[in-house]
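We call the chains A, B and C, going by the order they appear; numbering starts again at 1 in every chain.
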Amino acid sequence: MSNQTDSREEALTSNSTGQDGGSTNVQEILSWDDATWILTSAFIIFTMQTGFGLLESGCVSLKNEVNIMMKNVIDIVFGGITYWLFGYGLTYGELYTNPFFAIGYFAVDADIDEMGPVFSKFLFQLSFATTATTIVSGAMAERCNFRAYCLFSLCNTIVYCVPAGWIWGSHGFLHKLGAIDIGGSGAVHLVGGSSAFVAAWMLGPRLGRYDHGREPLPMGSPTNALLGLFMLWWGWLAFSSGSVFGVSGHKWKFSARAAVTTINASFGGGVVGLIYSYIRKKGKFDILDLISAVLGSLVSVTGGCAIYRPWEAIVIGAIGGGLACFGIPFFDWLHIDDPVGATSVHGLSAFWGVLAIGLFADGETLLNLTNGRSGLFKGGDAYLLGVQALAAVSFSLWAGFITFLLLWIINKFIPIRMEAHEELLGADLVEHGIRRSGVGVSRALSALGSHPNFDIEAGSAIGTNPVHLKILK
Amino acid sequence: MSNQTDSREEALTSNSTGQDGGSTNVQEILSWDDATWILTSAFIIFTMQTGFGLLESGCVSLKNEVNIMMKNVIDIVFGGITYWLFGYGLTYGELYTNPFFAIGYFAVDADIDEMGPVFSKFLFQLSFATTATTIVSGAMAERCNFRAYCLFSLCNTIVYCVPAGWIWGSHGFLHKLGAIDIGGSGAVHLVGGSSAFVAAWMLGPRLGRYDHGREPLPMGSPTNALLGLFMLWWGWLAFSSGSVFGVSGHKWKFSARAAVTTINASFGGGVVGLIYSYIRKKGKFDILDLISAVLGSLVSVTGGCAIYRPWEAIVIGAIGGGLACFGIPFFDWLHIDDPVGATSVHGLSAFWGVLAIGLFADGETLLNLTNGRSGLFKGGDAYLLGVQALAAVSFSLWAGFITFLLLWIINKFIPIRMEAHEELLGADLVEHGIRRSGVGVSRALSALGSHPNFDIEAGSAIGTNPVHLKILK
Amino acid sequence: MSNQTDSREEALTSNSTGQDGGSTNVQEILSWDDATWILTSAFIIFTMQTGFGLLESGCVSLKNEVNIMMKNVIDIVFGGITYWLFGYGLTYGELYTNPFFAIGYFAVDADIDEMGPVFSKFLFQLSFATTATTIVSGAMAERCNFRAYCLFSLCNTIVYCVPAGWIWGSHGFLHKLGAIDIGGSGAVHLVGGSSAFVAAWMLGPRLGRYDHGREPLPMGSPTNALLGLFMLWWGWLAFSSGSVFGVSGHKWKFSARAAVTTINASFGGGVVGLIYSYIRKKGKFDILDLISAVLGSLVSVTGGCAIYRPWEAIVIGAIGGGLACFGIPFFDWLHIDDPVGATSVHGLSAFWGVLAIGLFADGETLLNLTNGRSGLFKGGDAYLLGVQALAAVSFSLWAGFITFLLLWIINKFIPIRMEAHEELLGADLVEHGIRRSGVGVSRALSALGSHPNFDIEAGSAIGTNPVHLKILK
């Protein structure tokens, strides 16, 4: 990774002197060809936010469908403004650095002769940062106070930006040790998944979640969830492929490989998801199983997307998808209630994805993405696997600990858990004043009915007569 | 703007002799690199139509959800064919020009050696034109006769194309005066918003709209509206960034800056929208407030996207978002019923956006986007602010007046307002024969019930018994 | 087509020696510029899967909405893995070839110095292959057994890849005869549409489909269907434009032309669809008519997108759209029940599209896309029309016959038709365990009620009382 990042910085901080010392004209061309690739990739990566919104709102109950979309909007607005203010500098700053964090680039700006590389890189990294902060929103769905979430979203940038600097900043200790994470299996997904785990644990399960067993609650809109899967899937191609950060020189070859391994991994994950679901559900196919398997496979391949062979990507994706599938009942068995399975999909699969680099990485000399090292299965020694394991553990511990700290502090000011009656009525009504007729109300009522602290006298015809609701708490 | 447009035309009408007089090979490369950028941007800009469709159908009541989507399809089909036939020529024609309009390029075509630049430019401008014509459909929602709308959509091209020529055509008087509008705050959004204002005023409010106060009616599908916001948001990056119209030479640096200022503006708008909503709704967060604020901020920044600094974009976006928020109750106070807030979001915010260029524009010499002038806050004199104000007033008056004229004439042939009973039943049923069970019908019924000319005997159990409806008119 | 494919292969198999023998630097630039175009196009083409999913799930009844989306996921997972394993090699393999098929490239992989062109081409072709296999899923909707469909999806790759080799492989007999199909009117859509016809015929109509006449059944979600139309529409621009397979040299000019003719064709189709619907529905506008007309026009133009003039594209699209519209009642008159109209839209319109090349093709010498031949209306003789007709007939017969064979064999192992009671309850419930309240159940019940083998005692208030369902079969 170190040389890739070096060449990233070369390409982006010096556009007048190119990397092969060619003529000025060609250098300029290199720069704008790479910028076209980087900016276009970023535009496509942002569409993954639509995918996350659809997936999460499709997975939760109808009474929280809009609220979770609003949280995604908040993630972009607050996550974006803080990333611009200090987040980018925590990862790539040069004012002060030590192996664990950097400072600089506050309120990112650039003069006219530097703005090309600086703004291209900032926009691309911003699209990564907003993705990382969005992952955790799903795990907190249906029971997290909206204002507390807003505060968390403001602070969440720090959770992502510091470990991103470890691996992608030239100052970072993992970078210096030679750890590799091209598309962010570790810095984006493992960090997001670990945050999700801690947040879901701290919030506790939704009211009545495990009253009738551990099977996932019905999805509010499986169609929307599948649409979200699709949008994430195609966006992921740009996410992985754009992570090579250019097309000039030999970069385009690795960009092309990254796209192929990414889609191939999803084939492996999809097959495993279908088999898993077929066995578990005795011949039926569960929507969430398949979604989790495909996303888990994409999470696991993205870290080493440019340095795998296509068949290896299928194997890595199959294992990643399998971990995502098995993780969901495992965390439910622990009564960690993660409504969209973010802990499994982004946590477990990402952990595997970071390790897989230590096993399958192709050493190559064109971009020197691996610093000359190879994975254990490719004739390398255990060093790379070792630093990848260190990276995985570091990411998990950091994200878990800081998330705990942030939520613990926020909880002192604004309780992170919604009031029980608010949770039962749903955040769409309580936080945004959205009334639904028919379906949604009847679900909310049946939820209320199943809770011992509430007594309901529903009108005889739902939707026509008013609903009488006594809160006995 | 004048030099930018000049360089646009240079780059696009002569691909054999480049702009710096370099070798033929490099010139060719310049051309196709720019074409890649322009075409890819256009592909992404078209996805904003999906966003508009989702936003508008999400904002209206369920009984008109499909109809408004159909109007968006009409906008593309009729708006597109008329743009091809004469619209493009009204903006960029060279057969006859005066400072106020141009003629030429009827039924756009090009020979094989000219087709590269001509078709690239046409497709890009077409994506702008269809956006401009779509803006007004939201303001006319839920009560405009579908056939009258089709006629309006056929003529609407003229509303956009003439002022686009003022600012972007080499013949235009605003262009010659040095007015600037890089991404179309004025020519696209202010024109669309002014049309929206006049159309909403001429149609009058929906039946019963202000019977129970001025608070917006419930959205049919807040989830879809938020999805629409997302799709517009990401598409806007290509809209602004693609407006620099290339990546070759120094253009890529401004393309990158345009993308960053665009997303930064939305952060400013989003924060203002959250604060506004929190205060207005006493601690709740309104969906439409946040949507309007983010879109308003994007509208206001796009005109000068490539010539602002990132922090200025946040300020400009915050003001633009605030104007969009305050505009909605203001127009409702005037009983101008604009169901999706297009008048505020595209009108008020755009007016500010056109003026903001006169305040914040960075003078630069690389692309000479400002003809050497700077904004009032950047050491320039009041000249630029003056011509920007002239542009804003010209755009508003033209669009308002021509829209009035068109709708007034159309109304002589086909009444633009739906029949009252059709409006109450909803355009989905009346125009497209779509029957909805449950929710939609009950809403249509309650709307009927609130209207003095109608009497309803609804069956005791909605959805199972037939609904008896007597129209007493 | 032959020379285009040749230049495709040149550009993509030799990146060190370019096509004009220029300097090494420029050759490298050519390669990565083309790769940027090809990869970005592929990323956008994949979003058409989201479009297909939305369109198909919007067209079917709510009780099958999720199931059809799941089939789209299966198409990508199984269609993708088989395309990687053997499909790509059936089209482009070089191990063994004869004019009717090729073998090679099993489990596509490439060494580091070849991977750029191989992986770029594979990803692009994969995006085509998954599109082709998805087309047929709509025609089989609402009554095809899910496990049988999975098997079919695994084998479907062979249906597409063999004829794709006829026209695009250097070994193919149609390629050698000089047949042209730039964007896949024939190899993608006519093949898909012919498969759809046979599959719909073999499955038979849905239960009760023609009990009350031949008018299409109500769409489950017209809004989603229109959203799907939008996503397909914009994706199609990249589909056609990307098919020129590069931007270097003169290619960018044809890429630009392909985008313009594609969007122009849709204007022609849209106008025809509106007129058709207005007449047929006596002043109303039918959603499915307009969707079919627009998609039919896109299908018909894509085969010759780069070699038409813009006004010709409008004519070709108008005829293609008209055929799609008239085809739907025609196939319903034959009691071929195709719930989404895939047979008309992808079959009839594509047949016309393949022939239209023989009439309208511009001979040109820059890329020599037509081998120096011109269409009948452009001064050419009847040869080109003749080979295009041969191509159209060959595609139709192959796809029809192999689909018949595959489904006939699969039916021996797993009956392809769902059990009657499963079909009536809907695949969402039966295959995926999804329960819907309100609307969906009442529709399922009324469907059950209209079937002679079933007797229903519905509770007095749907949604509150349990539904008693006796299956008397």
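Definition applied: contacts are C-beta pairs under 8 Å (C-beta built on N, C-alpha and C of every residue); 3 or more make two chains touch, one makes a residue touch a chain.
Chain labels with UniProt names: A, B, C = Ammonium transporter.
Everything numeric here is computed off the predicted structure, so don't read it as measured data.
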Type of chain A:chain B copy interface by residue overlap (half), same or different: different
Equivalent-chain rotation between chain C and chain A, CA atoms, steps of 5 degrees: 120
Cα-centroid distance, chain A relative to chain B, in whole angstrom: 32
Where chain C touches two or more other chains, by residue: 29, 33, 36, 40, 438-439, 461
Chain C-touching residues of chain B, taken from the complex the two chains share: 25, 28-29, 31-33, 35-36, 39-40, 42-43, 46-47, 49-50, 53-54, 57, 65-66, 69-70, 72-74, 76-78, 80-81, 84, 107-109, 112, 115-116, 119-120, 122-123, 126, 146, 150, 224, 428, 431-435, 437-439, 461, 463-464
Residues on chain C engaged by chain B in the complex (per definition of touch): 22, 26, 29, 33, 36-37, 40, 44, 218-219, 222-223, 226-227, 229-231, 233-234, 237-238, 241, 247-253, 255-257, 259-260, 263-264, 266-268, 270-271, 274, 281, 284-287, 290, 294, 309-311, 314, 362, 364, 366, 438-439, 442-443, 460-462
